[in-house]
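Labels run A, B, C and D following the written order; every chain starts at residue 1.
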Amino acid sequence: MSSKYKSLKEECYEANMQLNALDLVVYTFGNVSAVDRENGVFAIKPSGVAYENLRPEDIVILDYDNNIVEGKMRPSSDTKTHSYLYKNWDDIGGIAHTHAKFSCAWAQAQQDVPIFGTTHADHLTADIPCAPPMSDELIKGNYEHNTGIQILDCFKDKNLSHNEVEMILIGNHGPFAWGKNAAKAVYNSKVLEVVAEMAYLTLQINPNAQRLKNSLIKKHYERKHGKNAYYGQ
Amino acid sequence: MSSKYKSLKEECYEANMQLNALDLVVYTFGNVSAVDRENGVFAIKPSGVAYENLRPEDIVILDYDNNIVEGKMRPSSDTKTHSYLYKNWDDIGGIAHTHAKFSCAWAQAQQDVPIFGTTHADHLTADIPCAPPMSDELIKGNYEHNTGIQILDCFKDKNLSHNEVEMILIGNHGPFAWGKNAAKAVYNSKVLEVVAEMAYLTLQINPNAQRLKNSLIKKHYERKHGKNAYYGQ
Amino acid sequence: MSSKYKSLKEECYEANMQLNALDLVVYTFGNVSAVDRENGVFAIKPSGVAYENLRPEDIVILDYDNNIVEGKMRPSSDTKTHSYLYKNWDDIGGIAHTHAKFSCAWAQAQQDVPIFGTTHADHLTADIPCAPPMSDELIKGNYEHNTGIQILDCFKDKNLSHNEVEMILIGNHGPFAWGKNAAKAVYNSKVLEVVAEMAYLTLQINPNAQRLKNSLIKKHYERKHGKNAYYGQ
Amino acid sequence: MSSKYKSLKEECYEANMQLNALDLVVYTFGNVSAVDRENGVFAIKPSGVAYENLRPEDIVILDYDNNIVEGKMRPSSDTKTHSYLYKNWDDIGGIAHTHAKFSCAWAQAQQDVPIFGTTHADHLTADIPCAPPMSDELIKGNYEHNTGIQILDCFKDKNLSHNEVEMILIGNHGPFAWGKNAAKAVYNSKVLEVVAEMAYLTLQINPNAQRLKNSLIKKHYERKHGKNAYYGQ
């Protein structure tokens, strides 16, 4: 595979294979993309290809207007959601979409995932937002492009920053997550699934469980992400 | 193994082994068959043989009237259900039966699996039907044959097409799924289990969760199965 | 290892290792025994030995009065329950005890596992019995011996046959299962766990789920265990 | 790696890797330490290092006042909790902290894990305590040090001995466990998770499940830990 986008494709390929290894997808139910900001293109999984058959050279390269730049396969059916996010959020480097079960269950229940503990607060200070389902008008239109709009609208309505909250649930559908690169987007997808499961179990044990108090939210988030962070190397 | 049905047996064998790999069965609790329409025969797992001991040459070949055409072993105890479906639905190529836990739990609860999200709508537009238990008369009679009748009756009562809905739950028993070949029948068994688990979790989070709205059901099903489908290669 | 009981020890060893492979135990929380009726002895796991360290030669041989016949290690702390059952039920060949989670949960809930479906009826026609906790008097006494009494009392009270119902839950404790040999006892332990999980899920979906009707119980049990059984080879 | 603390680092390394193997953590969400009482130091995982990249030489050595004695990496962000416990409980040899899901769910629900069965009583005679969340004052202060105080306060309030109860849940956060060495601390973390899951399932089956009666608690604990214990070799 000789290509200007070889390393981009490999980044994208590796991240897609991680979805499978982390038990976030079955069959072809998910996709990850990685962006190359310098060249204004992104790499994404081809549509409907099983992970065990996927090869780095199968990854499709597109520009932000969804024109195929390189690749013989049809890109993920969710491609237009990815491109819309890359176009509007110029500081993200990767996006992941899965059908992980606890994430999907909260999306199907049309509920935000409440922040109940430090596992959640280590990653974000807000409840994980669940975007309300799209209007019938938008569904019949440019659906995947409109899913991008739906995500941005939800962040605007809830006054959230996509740099602080790197994940969302699409009502009745499932999760999208993003980050500085494709690997980080997959990481956030896994964090979302873990936090979604813990919140589920918490409410089963105690339907009146209280949201984590602000002082503790702040402490855990700041020690990992604040200017005086002391987590990690 | 020299046999006119060598490749049919291998298709059937591979599909049966997938049940195990996909965590849809324990021990011998399941069976898959594959049909050869040209020769009017189907291949099915022998009864009560553990997956780790199963070999392609153990697969039994029968005609649609349940006469053994080739094979030394006793065929699956559910054989007559398979033959009944092959006889009545001449466009299916494979059938799978499992005792996967979420599928069986819904069957034991005697409830259809409601369509709550796009994971479900990517595969079918209806709730996954649960056939009501058989009458005592039919149970005491030709039970496995009557299970076939029970399946067709349920599809007639609910006005469903077996081409659009490729799966069913038998009340108090468990799931059957089918498709164009044995691998697709197994795929549908796994999809059913995943969707059944997500629906379970959804109702635990929100007992008043709403069915997916029609516009979204249609959109997701059509993008994968409609005449302008753009999913897959 | 040269011993008169070499094959008995190996049967016992293999069955113990299966507990682990079938995800029925963590650490040392379980034990399996195998009996040699001709010589009036049984083989059992040594107490507190981790499965990854267990070797066939570590298995302990005892007579029905709990005297060590061969072996340098201390036998399972539950040994006296096993010997009591072997003494009183002269037609069983193996016994298994686990702390599998769904089996233990039903035991801790002090409820019989209701027969909700055919997965259950393929193996037994009754609810899986849960023995009420022992009296304080018996607990303070010869506890493990008295656990054997507790099991027999429960079968008498509920008018059950140990040949038809090869498993029990001890209230607040966990499951015991038995069978014609040690491998069958382990098989029954796994069946119990699977059925216990399905019953759990069924009641979560439908708290008013109905017990399987008698005609279907009979049909499924008979096709596998009746005099005209047609399941298996 | 030539170091006075080579074997201490290896003990700590092995115990940290066990967290992963026992499915108690994802990513870097956990840490284990091991103490060397003679030299007055303890070894702990470096902060934010993924288990697949962790090497024995990465382990950090500190004294009880949190001064780094050996090691180039930043120690776990929870280091001060570990040192506080080592300082105050001079008879423990290892500490483990995880984000295991059932343990965290009970912590997030802010409830003690009730003693429902013998799996629990084999290890401790009390409910597993859940420490109430810290005051805002303490959270803003020396948080990880104060977590140590929070643990000791909870044991004092509930009149528990850290030799008999080797585990705790920190409200809204997650579990800490300890023991005579690092491996035992990890063992106790796994026991806590298993017991937490069983208690969860028990209450789902029977919301009115009763606490284990005292005679049975005592019997099971004593046969494993009493002066006449007969469990193990």
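In this section, a residue touches a chain if its C-beta (ideal position, glycine included) is under 8 Å from a C-beta of that chain, and two chains touch if they have at least 3 such contacts.
None of these values were measured; they are calculated from a predicted model.
Residue numbering shows that chain C and chain D use the same positions for less than half of their mutual interface. Rounded to a whole number, the gap between the C-alpha centres of chain B and chain D is 46 angstrom. Averaging Cα coordinates per chain places chain A and chain B 33 Å apart.
Touching two or more other chains at once are residues 204 of chain C. In terms of inter-chain touching, the protein chains here make up one closed cycle, each touching precisely two others.
Against chain C, the residues of chain B that register as touching in their complex are 26-27, 29, 46-49, 73-74, 77, 99, 101-102, 104-111, 133-134, 136, 139-140, 143, 172-174, 200, 203-204. Against chain C, in their complex, chain D makes its touches with residues 116-119, 122, 187, 190-191, 194, 197-199, 201-202, 204-206, 209-210, 212-213, 215-216, 219, 223-224, 230-233.
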